[in-house]
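Okay, so here's the structure we're looking at.
Order as written gives the chain letters A, B and C; numbering starts at 1 within each chain.
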C-alpha cells in the first residue's frame, strides 16, 4: 500500500514486468492430457458403486501361475515338503500332524515351523480378503493386490529354493518373515475395511 | 448459510457441535491443556497440524459438501476433531483442516485418502492413512505411522524416540532421529539419513533400503529383505559383529573381509566378521538383494 | 489469449490479474460437473487446460513434470469441485489447485532426490522451454531462476496476482513474496542484460 513497503516498481514502464505480462497466459500441451484425467475421474465416479465382481479368490492366481507350489511344513523331526498340483484347491490344506509355530531360540541358523494357528489365521483372512478389498477405493485395492502378489511371488521363490535346500536356515527365516508380512498386510486390509464400515455407520 | 452453534458448559466437559448443510468454512477454537491428547479423523482431503505455545486448539478449514458435521469437543485432556460422514457413501467428503494445538500435545490422526502434515508437536504422534501422504517435521517423542500407499517423510530434531513406520507400497524417508526405529514395507523404499540408533529394524519384500546413519555402542541393526537392495553406510564410529547372509545377492564390504559361499553346490553367500570391539550387532538377511556395507 | 491491458493500474500499484470473469456457460458446466457430469468437466478442461499447463510449465520448468502436474491438478479439481464457491473466477481457482499440486509434487520429489543423492545417482536435468520471438529469452531465463523466486515471478509478474494472493497460494508471507520478486528481477536482469 505505502511506498515504504519496498514495492517501488513502475509496472507501466518497467521493461521486465511488461515483458512478463506479454507472455502468453496459455500454452497448449504437446499432447492431449484429457485421457489420463478421464481415466482417474471415471474410476472415482464409480468407486461408490459395486466393485467388479471377482470369481476366484485373487490369491489363486499366483498359484495357478506356478508349475507347482511347495509348502514348508514342520514335522517333529526336521523339515519336510510336498508339492501341490496346479489345479488343487489351495484352501484345502492337508492335515499334517505336529504343525507348531515356534522359533527355536539360540544360534545363528534356527529352525522354524509354521503352526496350525498361523495357517488358520491365514486361511481365514484370505477367504474374507476379496470381499474386503471390494470395499476399498479402486486404486487402493489394486495397490494392495499388487503388493500381496509381490509377497506371494517372494514366498514362491523362497519355497523353490527350499526345495533344493530344505535345511537352509536363511531361507526358512526369510519364508517365515514373508508369511508374517503377508498376514500383516491382510490384517491391515481387514482393519481398514472394517473401520470404513464403522465410519459410515455413525 | 446459517451456522448453528450450541455451547454446553459442564463441570469438566466442553462440547461444541457445528452442523453443516453444505460445503462450509470452519474457524473454531477451544481452550486446551498444554499436554492435550488430540484425536483427529478426516476420511478424505488433508490435515495440517502445527504446534504452538497457546493453551488452545484452533481448527480452521473447508469441509466437503456432503460432510454431516465437524465434531470438535473437549473432555478434560482429550480433544476430538472429527469430520463426520453421512450414512450414504459420498464422493464429496474431501475436507481440508488446519489445526493448531499446544506443542506438548499428543496427536492421533487417521484418515483414508488424507494427506497429513504435522509440524512442531512434541508429544507422541500416531497416524494412520490408506493413500494419503504423511509428513512430520520437528517431532519430539514417539511416533507411529501406518499407510498403505501413502509416502512417509519424517524429520526429527536429533532427539531420541521410538519410531515405527509401516507401509505397503509407500516410500519412507526418515531424517535426523535417534533411539529406536522400525520400518516395514512390502514394495516401498526405506531410507534413513543422519541420526544414530540403538535399535534399528528394517523389513521389506522388494523395497530398497538405505541406511546412512550411526549405530550406537551396543546397538542392533536388523535388516530382512527378499528382493530389496541394501545400501548401508555408517556415520561415525562403528564397532560391531556383522552377520550377513544372502542367497543370490552380491555383498560389497568396505570393511575388508570378503563373503564366502555357504556351500559349494548352492549360490548362497555369507559374511561374518567383527569390526572394532564388536559391541553392536548387525544382522542382514536377503534372498536376492545386493548388499553394500560401508562407513563414512 | 491476450492479457488484459494494464491501463487501469496506477503507476505504483499492481496491475489487474489476468483471469477473466467466470462466464455463464462456465457456471452451467461447473454446476453439472459438481453433480458428476464428466462431459461438463471435460468442457471446463478444454477451456482452461492451456492456462493451467502454462502455469505448471513455468513453475516447474520441465515439460513432463508440467504434464503430470496438469493432469493431477484437474483430477484434484474434480474431487474438490464442490468447494468452488464463486469467490474468485474459476480460472483463478484452478490456478490455486495447480499451485498446490506443483508444491506438493516438489516436496515429494525433493525427498526422492535426497534419497537418490544418497545412493549416488544423478538427478534428471530439466529441459528449458521457449516461446517464439524475443520472449523466448525471458522464458528460458525464468527456468533458470531458483524455485522460490521463479514461483513468485510466475504468479505475480506473469499472471498478475497480488503479493497477498501470491503469498497465500504459495504459503508464504506477502513480504517474502516481495523479496522473492526483487530477487527474481535482479537475477533476470543479469541474465538478460536488462536495465532495472
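To be clear about the criterion, contacts are C-beta pairs under 8 Å (C-beta built on N, C-alpha and C of every residue); 3 or more make two chains touch, one makes a residue touch a chain.
Every value quoted in this text rests on a predicted model; they were computed, and no experiment measured them.
K.L.:
Find the most central chain, measuring centrality by the gap between its CA centroid and the centroid of all protein CA atoms shown.
P.N.:
Answer for the innermost chain: B.
K.L.:
What chain lies farthest away from chain B once each centre is taken as the mean of the Cα atoms?
P.N.:
C
K.L.:
Have a look at B-C versus A-B and report the one with more C-beta pairs in contact.
P.N.:
Top pair by contacting C-beta pairs is A-B.
K.L.:
Distance-wise, how many Å sit between the C-alpha centres of chain A and chain C, to the nearest whole number?
P.N.:
36
K.L.:
Could you work out how far the Cα centre of chain A sits from that of chain B, in whole Å?
P.N.:
19
K.L.:
As a quick test, compute the distance in whole Å between the mean CA positions of chain B and chain C.
P.N.:
So the centre of chain B lies 31 Å away from the centre of chain C.
K.L.:
Going through chain B residue by residue, note those that touch at least 2 other chains and give them in order.
P.N.:
As it turns out, chain B has residues touching two or more other chains at 91.
K.L.:
Two or more other chains touching the same residue: where does that happen in chain C?
P.N.:
Residues 36, 79 of chain C touch two or more partner chains.
K.L.:
Of all the residues in chain A, which ones touch at least 2 other chains?
P.N.:
Within chain A, residues 44-45 contact more than one other chain.
K.L.:
Where on chain C is chain A touching in the complex?
P.N.:
1-3, 6, 9, 11-15, 18, 36, 38, 41-42, 45-46, 49-51, 53-54, 57, 63, 66-67, 70-71, 74-75, 78-79, 129, 131, 134-135, 138-139, 153, 157-160, 163, 175, 178, 182, 185, 188-189, 192, 194-196
K.L.:
Please give the residue numbers of chain A that touch chain C in the complex, ascending.
P.N.:
Contact set of chain A toward chain C: 3, 5-17, 19-31, 33-34, 36-38, 40-42, 44-45.
K.L.:
Could you pull out which chain B residues touch chain C in their complex?
P.N.:
For chain B paired with chain C, touching residues are 23, 44, 62, 64-66, 91-92, 94, 115, 133, 135, 151, 153, 171, 173, 175, 189, 191, 193, 210, 212, 231.
K.L.:
Could you list, by residue number, the parts of chain A that touch chain B in their complex?
P.N.:
Checking each residue of chain A against chain B gives 44-45, 47-48, 108, 136-137, 139-140, 143-144, 146-147, 150-151, 154, 157-158, 161, 164-165, 168, 170-171, 173-174, 177-178, 181, 184-185, 188, 192, 196, 199-202.
K.L.:
Per the contact definition, I'd like the list of chain C residues that touch chain B in the complex.
P.N.:
By the definition above, chain C touches chain B via 36, 79-80, 82-83, 85, 104, 107-108, 111-112, 114-115, 118-119.
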